[in-house]
Amino acid sequence: MPSQFIANGIVSGCIFALVALGFGLIYHSTKVFHIAHGVVYTASAYVFYSLLILLHLNLILSFIGTLVFSALFGLILERYIYYPLHKRGASMGVVFISSLGVYTVFVNFIAMLYGNETQILSSSAEKAFHFGSVVLTRIQLVEAAAFLLLSSLTLGFLRLTKWGRLIQALADNPQLVSVIGMDVRKIRLLIFSLGSVLAGFAACLVALDVGMDPRVGMNILLIAAVAVIIGGVKVFEGALVGAFLVGLLQNMVIWQVSAKWEHAVTFVLLIVFLLTRPEGILGERRRLEEA
Amino acid sequence: MALELQSITKTFGGIVAVDDVSLTVSEGKITSLIGPNGAGKTTLFNLISGFLKPDKGAIYYNNHHRLDGLPPWKIARLGIGRLFQDVRVFDRLSVLDNVLLAENNPCENPFLSLLQRKKMRRLEKENIKEAGRWLEFVGLSDMRDTLAENLSYGQQKLLAIARLLMGRFDLFLLDEPTAGVNPTMVKPILGLIRRFSNEGKTVIVIEHNMMVVLEISDWVYFLDDGMVVSSGLPDDVLRDATVRKSYLGL
Amino acid sequence: MNYILHLLVLLTIYLILSFSLNVLVGYTGLLSLAHAAFYGIGAYTSSLLMIKWKVSFPLALLAGVGMAVLLSLLVAAPSLRLKGDYFVLASLGFQVIVFNVLHNWATLTNGPLGIPGIPKPSIFGVKISSIPAFLAFSSILSACCIFILVGILKSPFGRTLKAIREDELATLALGKHITAFKIQAFVIACGIAAVAGSLYAWYVTFIDPTSFNLNESIFIIAVVLVGGSGNIKGPVVGTLFMILLPEILRFLRIPDTVAANARQMIYGALLIFLMRYRPQGIAGEYKFE
């Protein structure tokens, strides 16, 4: 595959990985299939747009403002939607439907406020850098750098700090954590704000890169969910592996077939994995139907 | 040998739940598994009925059917029935429906049930009759239309037993059949278990009630920490010093 | 008057959709987000056959169902033997893909421009063109579908589906091959949804991908959850409520540009509210919990 497509695939993978890392963090540790993660992403992009373009704030302030918004949005969803359901022992289906409801409400709210057309943030051409035969724009390089920075910070946090290890414990053994007396509420709030901030960050970068429309959230959410599943059950790093696989395969399809079919790749990849290796690339081989 | 476990081992994470367990169960006899909580008894049941796959070892049913590796529904079809520790009746279905489900009805195929309505109605009628017999047997006849969730715990146990009776199983795995049951119901349940045995069915019981164990068992296995510590006739095992110390606290 | 007849036709179409999704959500406990996709597959298959190859409507209808049945296996086979989340994701993915295909494969489906000029069905040479006649036709077709579904659900098959919904472990322990049941339920539900698709195509004579997108799947799920599932009253109540809701909203004088979005927001809010406070819907037997 020509190096340009590989490069594009890797850059896409970086963005997918950030969103997938957040989604996977939430899914593995709270078992919530957080479809509304997609609208946290979308809303963040539009908040960024509003701060940067409509309110004319500078780049840094807009960024920070958006990240604060993302964290708050995630926190509010957990506090008012997911936690009450968790407390009552609701099944994953109920939580999922609620999440779907949240997604629907906010995505349509955004569409009402901002319209359905694609919104771009800057019409000037981006500075391009040449690496041999590969051309990457400045924003693409920033995306890659952001990925490296944020994923290492996040994984480092999860593996090395006390709170991070609590999150891991919650993922492995939820009953044990509440027995030990750790405040599950606080851990969950942390998980949701962290995951949402990652999505928000990615959303800002993509907004700067290609702009946005109300539907971007669902597309990236699907990719994130598939990435988490094919990457590996119960392993946080799995999301990253899955994300890059999707990114590279999508670009391969764009190169070989046409850009119109890139989304089909995600689905086909999911089906292939469900048929052959449902526990994912990094997952432990075990009977998933096990009681 | 109705059932034979050969060197069965099962580990969860770092914990060895079942450690190189070998045991045999004779046809038509009542074998009890006793031991402290966490000894691996229910895990063994899960391994036998296919809900878990052993890491090592093999399980043989009637000498030539290899059970480990088969899915639970296939094992049930071979004739192995299970009474769960937490009963597991179908809450929002009626008592009658619960028992009817034990029958593996050819009309469970949706296309057949549409195309052969007459045959379906006939089979249903026969099944309902048989189900009625079993409900009467366990004493739940007048509750046949009640939702299972509205039964008392003891009644739900009886319902689960009626379900097992309807299912025409040959080997019964009963996980604490008398636990949580009204003392007056214990005798009838034991009577039922003895009847299974008299009719040539094989029964394996997990029990904590030593009176029950002494009264009905033909053979006893004492398990602790995932291993078989002692086995033999009920009196012998219960007199065994190690058993008395670690389990009965005597 | 015509307006009421129009609503009634919609009712017959959505009754088929809600009863068929009820088989999955209410009886088997499967959450499918792909129902609109199969609705669309039925519509597109029969329309294309009737326009391009002049196929008669019964054959076109059957072909639509057949296509839906075939494609449903694509979703069912890999995911139904695994735990619930995988199936939901697979159904969501399938829904998105189908929309993409309908939208992008322009040579086959005409893409976003849609397919105009779908012929009305004709019985013994008489075209069913007037609304009252079409209502009679769709009522009969709808009643047939409901009759088939109710028949299936009241049989031992339906009983086993309910058992699966209640307790999969206990069902397995009774010797039932759960995955096979789930696949059968899914295939049946999707096939019937395709019938609704053909009916819709014949009624509006113009279809495009936006009628069969994720929003539509969410709408159908809302219909099933609002009315309640696991019994026969539920889908009827739910369909009535959800068909009338947009009409009631019309009186609120929401500007046209945002009416669609506003409606979707209400559906979303309904879902959140239902899950939190009334999971059994208005008339359901099964508390979706």
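Per-chain numbering from 1; labels A, B and C assigned in written order.
Definition applied: a contact is a pair of C-beta atoms (placed from the backbone, for glycine too) under 8 Å apart; a residue touches a chain by one contact, two chains touch by 3 or more.
Just so you know, these numbers come straight off a predicted model, no measurement behind them.
**Student:** Using only alpha carbons, which chain's centroid is the nearest to the whole structure's centroid?
**Tutor:** Taking the mean of all protein C-alpha atoms as reference, the closest chain is C.
**Student:** Most remote chain relative to chain A, going by C-alpha centroids?
**Tutor:** B
**Student:** Using Cα averages as centroids, what's the distance between chain A and chain C in whole Å?
**Tutor:** The answer is 30 Å.
**Student:** Measuring from the mean C-alpha position of chain A to the mean C-alpha position of chain B, what distance in angstrom results?
**Tutor:** 46
**Student:** CA centre of chain B versus CA centre of chain C: separation in Å?
**Tutor:** 41
**Student:** Out of chain B, which residues touch more than one other chain, so two or more?
**Tutor:** 51, 71
**Student:** For chain C, what residues touch not just one other chain but two or more?
**Tutor:** Residue numbers touching two or more other chains: 169.
**Student:** Going by the touch rule set out above, which residues of chain A reach two or more other chains?
**Tutor:** As it turns out, chain A has residues touching two or more other chains at 289, 291.
**Student:** Which residues of chain A touch chain C in the complex?
**Tutor:** Listed in rising order, the residues of chain A that touch chain C are 33, 81, 84-85, 90-98, 100-109, 111-112, 218-219, 222, 225-226, 229, 260-261, 263-264, 266-267, 270-271, 274-275, 278, 288-289, 291.
**Student:** What residues of chain C sit close enough to touch chain B in their complex?
**Tutor:** So the residues of chain C touching chain B come out as 148, 151-152, 155-157, 159-160, 162-163, 166-167, 169-178, 181, 184-185, 188, 230, 285-286.
**Student:** Mind listing the chain B positions that touch chain C in their complex?
**Tutor:** Against chain C, the touching part of chain B is residues 49-51, 71-74, 76-77, 81-82, 84, 88-93, 97, 100-102, 104-105, 107-110, 113-114, 117, 120, 124, 163, 167.
**Student:** Give every residue of chain C touching chain A within the complex, in rising order.
**Tutor:** The contact residues of chain C facing chain A are 29, 31, 33, 74, 77-79, 81-86, 88-90, 92-94, 96-97, 100-101, 104, 169, 214-215, 218, 221, 225, 258, 261-262, 264-265, 267-272, 274-276, 279, 288-289.
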